[in-house]
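What follows is a single structure, and I will ask about it in a moment.
By letter and in written order, the chains are A, B, C and D; residue numbering begins at 1 in each of them.
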Amino acid sequence: MALILNEEQQLLKETADGFFADKAPVSQLRKLRDDKDETGYSKDLWQEMAEMGFAGLLVDEDNGGTGFGYVGAGVVAEAMGRTLAASPYLASAIVGASVVEAAGSDAQKAELLPAIASGETVVTLAIDETAHHGPEKTALKAEKAGGGYKLSGLKTFVPEGHVADKVIVLARTSGKAGERDGLSLFLVDRKASGLIVDRTVMTDSRNWAKMTFEGVAVGADALMGTEGKGMDALEGALDRARIVVAAELLGISQQCLDMTVQYLQERKQFGVLIGSFQGLQHRAAELFSEIEVSRSAVLKALQVADAGGNVGWFASLAKAKASKTAELATNEAIQMHGGIGMTDEFDIGFYIKRARVLQNLYGGFNYHADRFAALSGY
Amino acid sequence: MSDLEQFRQETRAWLEDNCPASMRKPAQGEADICWGGRRFEFQSEDQKLWLERMASRGWTVPTWPKEYGGGGLSKDENKILGEEMRRIKARSPLTSFGIWMLGPALLKFGTHEQKLEHLPKIARGEIRWCQGYSEPNAGSDLASLMTKAEDKGDYYLINGQKIWTSYADKADWIFCLVRTDFSATKHTGISFILFDMESEGVSTKPIKLISGYSPFCETFFDDVKADKKNLVGEVNKGWTIAKYLLTHERTGIGDMGLPTPLSAIARDKLGLEDGELADTMLRHQIAEHEIDAASFMFTIERAKDQAKAGGDMGAFSSMLKYYGTELNKDRHELILKVNGSEALEWEGQFSNNGEIARSWLRTKANSIEGGTTEVQLNIIAKRILELPA
Amino acid sequence: MSDLEQFRQETRAWLEDNCPASMRKPAQGEADICWGGRRFEFQSEDQKLWLERMASRGWTVPTWPKEYGGGGLSKDENKILGEEMRRIKARSPLTSFGIWMLGPALLKFGTHEQKLEHLPKIARGEIRWCQGYSEPNAGSDLASLMTKAEDKGDYYLINGQKIWTSYADKADWIFCLVRTDFSATKHTGISFILFDMESEGVSTKPIKLISGYSPFCETFFDDVKADKKNLVGEVNKGWTIAKYLLTHERTGIGDMGLPTPLSAIARDKLGLEDGELADTMLRHQIAEHEIDAASFMFTIERAKDQAKAGGDMGAFSSMLKYYGTELNKDRHELILKVNGSEALEWEGQFSNNGEIARSWLRTKANSIEGGTTEVQLNIIAKRILELPA
Amino acid sequence: MALILNEEQQLLKETADGFFADKAPVSQLRKLRDDKDETGYSKDLWQEMAEMGFAGLLVDEDNGGTGFGYVGAGVVAEAMGRTLAASPYLASAIVGASVVEAAGSDAQKAELLPAIASGETVVTLAIDETAHHGPEKTALKAEKAGGGYKLSGLKTFVPEGHVADKVIVLARTSGKAGERDGLSLFLVDRKASGLIVDRTVMTDSRNWAKMTFEGVAVGADALMGTEGKGMDALEGALDRARIVVAAELLGISQQCLDMTVQYLQERKQFGVLIGSFQGLQHRAAELFSEIEVSRSAVLKALQVADAGGNVGWFASLAKAKASKTAELATNEAIQMHGGIGMTDEFDIGFYIKRARVLQNLYGGFNYHADRFAALSGY
């Protein structure tokens, strides 16, 4: 397959770029923040996104989606990164849909996929329990109880966890923290009795939640996939989500470069355009190169994700590279904008804040560089 | 017993008697710092008492002459005072731009009358100063500033706008660069003048930063009258004073003291396995950082010793400013990584309202304020390496 | 069966019959590469036979027109030929600057006569070419070259000096940039001309490099006569051809194929503990490098696919050249570290006469030859990012 | 103590700078290389250095030295780095003298120190057995035999080992490779029976040796210090040697910067001096800063070395920082010189070659960064 967007994907990209520039410019996120909006995104926007088909890119046509696949999902995520459009797209349409698709029973799929695709139901995934990503570290316990299970423990930093209708919870049915075996996935209603949800406002003005499970009872049908083998189903879905996160990071990096180049073309100092200083030119050119190289890693990984099978190596490559590039891009953008970049009035601050959250989500550069090395056999 | 030994004993005894117990632990944050000024609200009776007692001996500015409110101490005595204060972990009684910046400039360039008028008020913490240098179209390029001061006989009429004025909304007086000759080339025709921020026509507007804090203001001058007696140095020669001060500022920013070692923070957060940080990649990055940080710390020590030995710091201060601020930015990127997603909270008690993230964002200004990294590198290239323009 | 399928079968059969067994393994080093030319000494009968057989079908330059000694293959056929050759690990029968550089330029800018005269000799490996671009005072700045070509009626009289002429001492002919108009501004007034290196007045002097090798020469022209019929394109318009060729060269250098993964070398040398490289810091550095290297490999793939889809490579090739060469330098610094003190031997059998160190030093030229890294960054800044001059 | 050179040290620096610029410019090393000189340094130069007192800087006055100490030794090493003066200074006057001082008996000191200081005897240290530094990895065996010891095994990359009169050998008297205990130091004559010495020409045109010990017999008096406790004595001496190596690296970096700045001030391209390009200016300024920061780490470590006691943390700091800076300085020097820097005719190639050898000697950046972290408690 050629490592470029095909016509259909190119069309989707143009549609998405236009849609978010029009419907969800950065000013929308700024307003949500200034209004201290407790949802953290515009429900109207989310509904419009669903109508555009963006919520069902990973859901097959039988279940009401478009089945556009991961390249498409990445293209839309990149467009969202460019305007910092806030929505439960990542949590629900990407992670939620991928995990349901990978681990759900036919009944669970039939229940959830159409609702995800229509935007009606927001699904999210609760994995991490500490400040550092690592699914295997899961300690939250699921004990057999009354024909079903009882969940006890803590999940933290669950994206959109404060508003999600359904939460897919990684829980330990056997073994101990650190082991890959013995983990299982459960579908839990956010309003379930015994589940305490604390909204957390993050640096990027989006919302995550801490979730305390105080013996939350679920039925046997809440189990997704095989008991104790949750990681087998989760890993492929999580890797695909990581690639889409990398795509959003790519959009952020590109936007930072574009804004910076424009500033360099317009701002004068010492009587000349600062874009004529070779020191800044070379840094901008280096940043351009890093972004293009990241773009290749992300696109390759998205294509491999669509092809099916194990994508761990590609996911860690894309997430590591896109994270590192986004760190460079946001830092360079701030520095090259000088004082104005430090002001809240100017938009660049929103980009650096969102970038660090996404860099960290589902494992940062170090996590994935380490995993890349391990998967490469060293 | 030598004079110095006697001075040490007397100082130790006086501090023992006069430094309140609550002033004997390091400042925990912004709120613990005493900035002084007309509108300063003391955080405690002790804070006020400590300032008054130290000011009464001139020890808020120990090396300034006594006639201007200083302590008149020699370098050696000043060193002993510092040592004795550190011994009991005494806080600095007063921190201000008047002490760091305007004071040294007035001592060097001011008239006797100007010194008598302004220095004692700085020493006693009565007047809080701010610095009016940058303008919207003269950031790194200070020489192209446009704020106009017209000669009106016994006063100057000032019109224009400053930006990035630190704490202008809290300051009582400003020391300000203004253009007194528009026909002159860029560096000439600039003057250095002082005036009251309560003068008619002065207004300030805090700038909200990406960290959520507002330490800087936009400052507007609309037909402000500044008395001629407050022009420092010669008219049109203010650039000399500004340059002198920038060097002072640079040294200050580059020299940020010794924060908690990064590795100690990481050890707390991540724990050790077989005596090593559990995250080997982070361990490597922290080691690289700390090798640079320790080497830089010794560089500050070396620069100070060189200055003491009579060496000219010159453009070396640009190097310290550049290196120190870049290191600090790197340090905070690593602190983010050490703290993982906890560092990315913005509100809420658990994270002290996002303190880690806000501090990280604050450091991004380090390499912009007080002369950008790019300007420091230009200075090194031209003044030290003598590369062609 | 489709035409292409038939072509594949015929090609496979022909290769099977005609590719000598010793030519069915990858070249191990410089000595295994066939450069052709009047003075080329074949390493073996097989090497000679393989060149002759492939040349007889035009397959040393498969896509060139048959009338000029090429194979006249379509893109699809050429792809199949490549696949079939890789299938049996057949070596490239001929490598030369004539094939990579002069050929494409002549095909685009040459007259029918020029093509007929020069291309078949390139295809058959009879004439080895070198490139005369850089001059002592025109390295990155090609446009300021000084080698003079005076119009003498039916020939040009050439005087001047070139530098960094790859293998000039081994080449038969040179394609050369010369100044035909000294009154013109820098980029105009340059012409592109061909002449025999055996012409009277041509001399070469190999330049010894820090690696100990001498792949480049200084080349001197002292009243050399070059026949006018060998001027390519219009007089004074040689810059257009040079630019076209530089883009070709850049793509070639950036795309260095896939060397043995660094991690495989490290695994061999350092061994694994619990499945990880024993040296954790080196493991981290290698992972960082390989993440960039893999991403870059996909970037070449993407650039090729974009070109195939009709996209214009343009200045993107500057990015590939810059990134690829910097990566390769980094790779060799890491290879030094992996091999420790063994890498630092310079003579002796054990280290194959310092092969690791010499290869490492060789890479330092990557970011200088074919347009320096700084020039590539300038091009990206100006042509892609459209930053002001 | 003030972190600057005192008057005496400043004077020594000026003397050394003048001496090496005059007596041992780079052309001397070039000639030794082109002549394929089998010693690898000028014996005349070494004799003159000894007469200047450079061979006895670490030897006390009673033993014929000047007792100038490590700051002085570093100042001279830096001067040597600037002109790449070849001599057994590092092997004999620094490492040799330090180890004899730290581990030698009175008799050994009386025999060796005056001879080192006069330049008469060249002493070197043989530690490493593989391509990667690590004293504890020593496997070479010293077995008790006939009232003395018998040494068997291989040492590699011994600086000046091809001409040294005496070799101090780190050998294992008990335990196994990897253990710190059980190592002992022995003084062996290079011409001892059973000792095979193979000269190796290194990248920097200097000579190291491989030494094969085929049951080399030494007397009991060949033991230096306490049997099995060789590392205790060796470590302090080795750390001090590492700091002096860092000082030579500093000289190389400084010389690279100076040559590069001069080139930038003189070379024209596109009609202007290339030193006026901001891209190159900023890189030169960054390099200047790194060198100054390295200089501080090296001087601090030299002062601490003179003060006595454990200098491990300072040694690893100085060696790591100076190595990293030298890598940057040599690479930048080559790149900024363009094509001319690649030619053998120009001197810069000699600097990059010597730099990598010294970076690697007694542990490179990674070795010391790792050790720095360990000694810092993480």
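Just so it is clear, contacts are C-beta pairs under 8 Å (C-beta built on N, C-alpha and C of every residue); 3 or more make two chains touch, one makes a residue touch a chain.
Nothing here was measured: the structure is a model prediction, and the numbers come from that model.
Asks: Of the pairs A-B and B-C, which shows more C-beta pairs in contact?
Replies: A-B
Asks: Using mean Cα positions as chain centres, tell me which chain lies farthest from chain C.
Replies: When every chain centre is compared against chain C, the largest gap points to B.
Asks: With centres defined as the mean C-alpha position, give me the chain A-chain B separation in Å.
Replies: Those two chain centres are 41 Å apart.
Asks: What is the distance, in whole Å, between the centres of chain A and chain D, each centre taken as the mean of its C-alpha atoms?
Replies: Centres of chain A and chain D (C-alpha means) sit 52 Å apart.
Asks: In whole angstrom, what separates the CA-based centres of chain B and chain C?
Replies: The separation of the two C-alpha centroids amounts to 57 Å.
Asks: How many Å are there between the centre of chain A and the centre of chain C, using C-alpha atoms for each centre?
Replies: Their C-alpha centroids are separated by 43 Å.
Asks: Specify, in ascending order, the residues of chain A that touch 2 or more different other chains.
Replies: In chain A, residues 277-282, 369-370 touch at least two other chains, as defined above.
Asks: Using the touch rule from the top of the page, what residues of chain B touch 2 or more other chains?
Replies: If we look for residues of chain B contacting two or more partner chains, we find 280-281, 283-284, 374, 377.
Asks: Quick check: in the complex, which residue numbers of chain D touch chain A?
Replies: 277-282
Asks: Would you mind writing out the residues of chain D in touch with chain B in their complex?
Replies: 2-4, 261, 264-265, 273, 275-276, 278, 280-282, 284-286, 288-289, 292-297, 299-300, 317, 320-321, 324, 369-370, 372-374, 376-378
Asks: Please give the residue numbers of chain B that touch chain A in the complex, ascending.
Replies: Spelled out, the residues of chain B in touch with chain A are 134, 137, 139-141, 144, 163-164, 207-210, 212, 269-270, 279-282, 285, 329, 333, 336-337, 339-348, 354, 357, 361, 364-365, 367-369, 372-374, 377.
Asks: In their shared complex, at which residues does chain A touch chain B?
Replies: 128, 130-133, 156-157, 200-205, 208, 268-271, 277, 279-280, 327, 331, 334-335, 338-339, 341-345, 348-349, 352-353, 356-357, 360-361, 364, 366, 369-370
Asks: Over in the complex, which chain B residues touch chain C? Could you list them?
Replies: Counting only chain B, the residues touching chain C are 280-281, 283-284.
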